[in-house]
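Every chain is named by a letter (A, B, C and D) in the order it is written, and numbering of its residues begins at 1.
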Amino acid sequence: MKKREIRAPFFCVNPKAYLYGEEALKLAKAADELAKTFDIDIFFTVQYVDAYRIAKETTNLIITVQHMDALTVGAGMGYILPEGISAAGVQATFLNHAEHPIKVNQLVKTMQRAEEEGIIVIACADSIAEARAIATLKPDVMVCEPTELIGTGKVSDVSYMEQTNQAVKAVSPKTLVLQAAGISTIADVRQAIESGADGTGGTSGIVCATDPIHTLQEMVEEVTKVRDELKER
Amino acid sequence: MKKREIRAPFFCVNPKAYLYGEEALKLAKAADELAKTFDIDIFFTVQYVDAYRIAKETTNLIITVQHMDALTVGAGMGYILPEGISAAGVQATFLNHAEHPIKVNQLVKTMQRAEEEGIIVIACADSIAEARAIATLKPDVMVCEPTELIGTGKVSDVSYMEQTNQAVKAVSPKTLVLQAAGISTIADVRQAIESGADGTGGTSGIVCATDPIHTLQEMVEEVTKVRDELKER
Amino acid sequence: MKKREIRAPFFCVNPKAYLYGEEALKLAKAADELAKTFDIDIFFTVQYVDAYRIAKETTNLIITVQHMDALTVGAGMGYILPEGISAAGVQATFLNHAEHPIKVNQLVKTMQRAEEEGIIVIACADSIAEARAIATLKPDVMVCEPTELIGTGKVSDVSYMEQTNQAVKAVSPKTLVLQAAGISTIADVRQAIESGADGTGGTSGIVCATDPIHTLQEMVEEVTKVRDELKER
Amino acid sequence: MKKREIRAPFFCVNPKAYLYGEEALKLAKAADELAKTFDIDIFFTVQYVDAYRIAKETTNLIITVQHMDALTVGAGMGYILPEGISAAGVQATFLNHAEHPIKVNQLVKTMQRAEEEGIIVIACADSIAEARAIATLKPDVMVCEPTELIGTGKVSDVSYMEQTNQAVKAVSPKTLVLQAAGISTIADVRQAIESGADGTGGTSGIVCATDPIHTLQEMVEEVTKVRDELKER
């Protein structure tokens, strides 16, 4: 399968294990609408069991799983088969998230498998040293979140974001950088994109908001505003 | 959700990572028909991403995942949320398969989560000592396969099967025992049930057969023949 | 090698990774003296690299490692070879501590290896369900600490201790029970032994005390006092 | 502690879990003599429990453990504390060997801990992609063995060795490269060093030889011969 091209700036809705089934589908449909309205690429992460259904009922989203394994068709119990998720409509996967760290050799092999199947890789690092190492593997997207900020509603400071953007690009210029640590307001969204990130997004800042769909809409709209402002400069 | 009752002797089709998407669905539909025709409970294991679709398009199968995690609704990237699979129509999970061994405390916690969500647990052990330990946790079903036979097409000998059946029942009388190591012929199926197993099934014996659906039908039919013969005794 | 017999009530000094080198040796020598003076069996856990030296320079202690692996003589990088530790004077090992949980099959295999080498196994469980499962493997000693109390200075309540003692003994009457969660005063020591534990001990309650050797002496002495009182009853 | 300087070409005796206790000590003493006689740096890997004793009874060897953890002084059961091994005389550690692969974030943190304690890091990669990623972390030494050759007595071919040497040096010029896959003859030793490796060594090629000490001597001598020949060119 041919890997989908990503247009920056993009957005990433990552409900982790907060949402599943109907609720996940509802937010996905809203995100799908926003992707169309604002002409923006949106990664939407799903529980594996929801991937097929959400892929079927949406048009624009990049259906994304939160981890994938390197196994091949054959034996192996309970692992995430690349061919299987691809057939279900999945187009991207997170790898090595701080909440799902993997072994060095496993990361290398799984990225090779993703390449074979045309699956976009969003690789995560929780320090600049780790980001540099992983960047040599040329993932499509990288996330560099200081582990201690995940889930806190605190954003990485501008200097950290600039530093990680540069560290990644110095090693792998084509890798897009996602800055999403603690994003919960449109000011956070603006700051992330203005500091040079190729994408931003959130988890608790969206799913734990009073009105998740409204918050999501504001955030996505803000990304496109900054995008348009940056074009004019 | 209320846990589904299992009627012995049952059958288990475990395609592991051999099948996914359309091919998995096709075999599942055939198994579903057999479950109805022969009035037998059939566990059918799926890739997570296929669970929803197969659950929707079948009526009788016990949709089974090959592993599950203990996490709860909230954070956590890339794990198998019990609530999520349950909402997608999954009714059972394998745990601690030799190809996916887990930690002692993780097994205990995941079995508690399965109980909360009404998910049937098929717990695996690869030695009699391990079987006895796990039986204290009173899983719904236990598999006791000598690891060295998995995927070989060699069956456990009758004495091993009887020994494990007894070891499990001595600790947990209500736990059903699945003997499925290397089952590839109807003679293997007969031997497993006659030696006292509550269920049998297969992986490569079915999916690698020249005509998987035909082989599956013969095996399921044989289980019901032995069932009827045993009733008459 | 023949496995050493343990005499209850025993004591366990578990410095974890708080002490190493000279400081560990100093506390070990003090514990060794106490073992002699009070005629009591004392498990003393060591960093692997300190095992040989502490074994050489003490006489009475049961030199104990904090984890062991199941590998056999041959390949394998960086694991704890049973034959190797045994040759260095180690007589016991913790297994499956809450800070080092292991897989079910690994626990079974490692306990078999320990048996082969005559190494005493102190197996840990962090719930009653886990304790019952592990007790079927008949470890020499079991620890049942509610994970949430470890390192807190809070002791398990008497009812929890009695419940775990009974749960273990019901399954494996010869297994000795060590109650050591949050032990930091001689009152805690007394309570543990009076509630039926075969042994008690501590980590932070000793190594973080103002005068560790003095605290250790008081605790060991208290165990022997309770021992003598119980004999008289 | 100040990290020891390594002089290339060096040799590495890696008995893995083949040797322990007296036998390990005996080979270590022989290697120690050779290090002196041939004025060459020799890494000698040990079972943790043998580290102190071998360090005490040798003068020239670089006492090396086969894995190390990132934990700090305090809690933590059964892990390898950097401060502890350093105090016992250990000067180097392997990390991420194919027989002990570790997580990306664990590798990064453990290398930081090694730096803090002045412990030489020998980092392993089992593919060129992995080698490049790890080289960004600037380990002191790197091993690039195609996993499939380990323990086979087959050496990496010259082209693979040259390719990995270059891949590592391109990213981290000061990192020394150890080529040790399947080294079992003096011809293998010569080829490794002539192909540009900074060091070579072996496991089964030495410990499973009819006369390990004699084989070791021949290999070490050959390294120094090639060293002297290369100087003259």
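We adopt the following convention: contacts are C-beta pairs under 8 Å (C-beta built on N, C-alpha and C of every residue); 3 or more make two chains touch, one makes a residue touch a chain.
Chain labels with UniProt names: A, B, C, D = Triose-phosphate isomerase.
Model, not experiment: these values are computed from the prediction.
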Subject >> Minimal step count in the chain contact network, subunit A (Triose-phosphate isomerase) to subunit D (Triose-phosphate isomerase) >> reply: 1
Original post:
So, what's the distance in Å between the C-alpha centres of subunit D (Triose-phosphate isomerase) and subunit B (Triose-phosphate isomerase)?
Top reply: 46
Original post:
How many angstrom lie between the CA centroids of subunit A (Triose-phosphate isomerase) and subunit B (Triose-phosphate isomerase), rounded to a whole number?
Top reply: 35
**OP:** Would you pick out the residues of subunit B (Triose-phosphate isomerase) that each touch at least 2 other chains?
**Re:** none
Subject >> Chain pairs in mutual contact under the definition given at the outset >> reply: A-B, A-D, B-C, C-D
Original post:
In their complex, what parts of subunit A (Triose-phosphate isomerase) are in touch with subunit B (Triose-phosphate isomerase)?
Top reply: 14, 16-18, 20-22, 45, 47-53, 65-68, 71-81, 83-85, 87-88, 90, 94, 97-100, 150-151, 203-204
Subject >> Partner subunit A (Triose-phosphate isomerase), residues of subunit D (Triose-phosphate isomerase) touching it in the complex >> reply: 96, 98, 101-108, 112, 125-127, 129-130, 132-137, 171
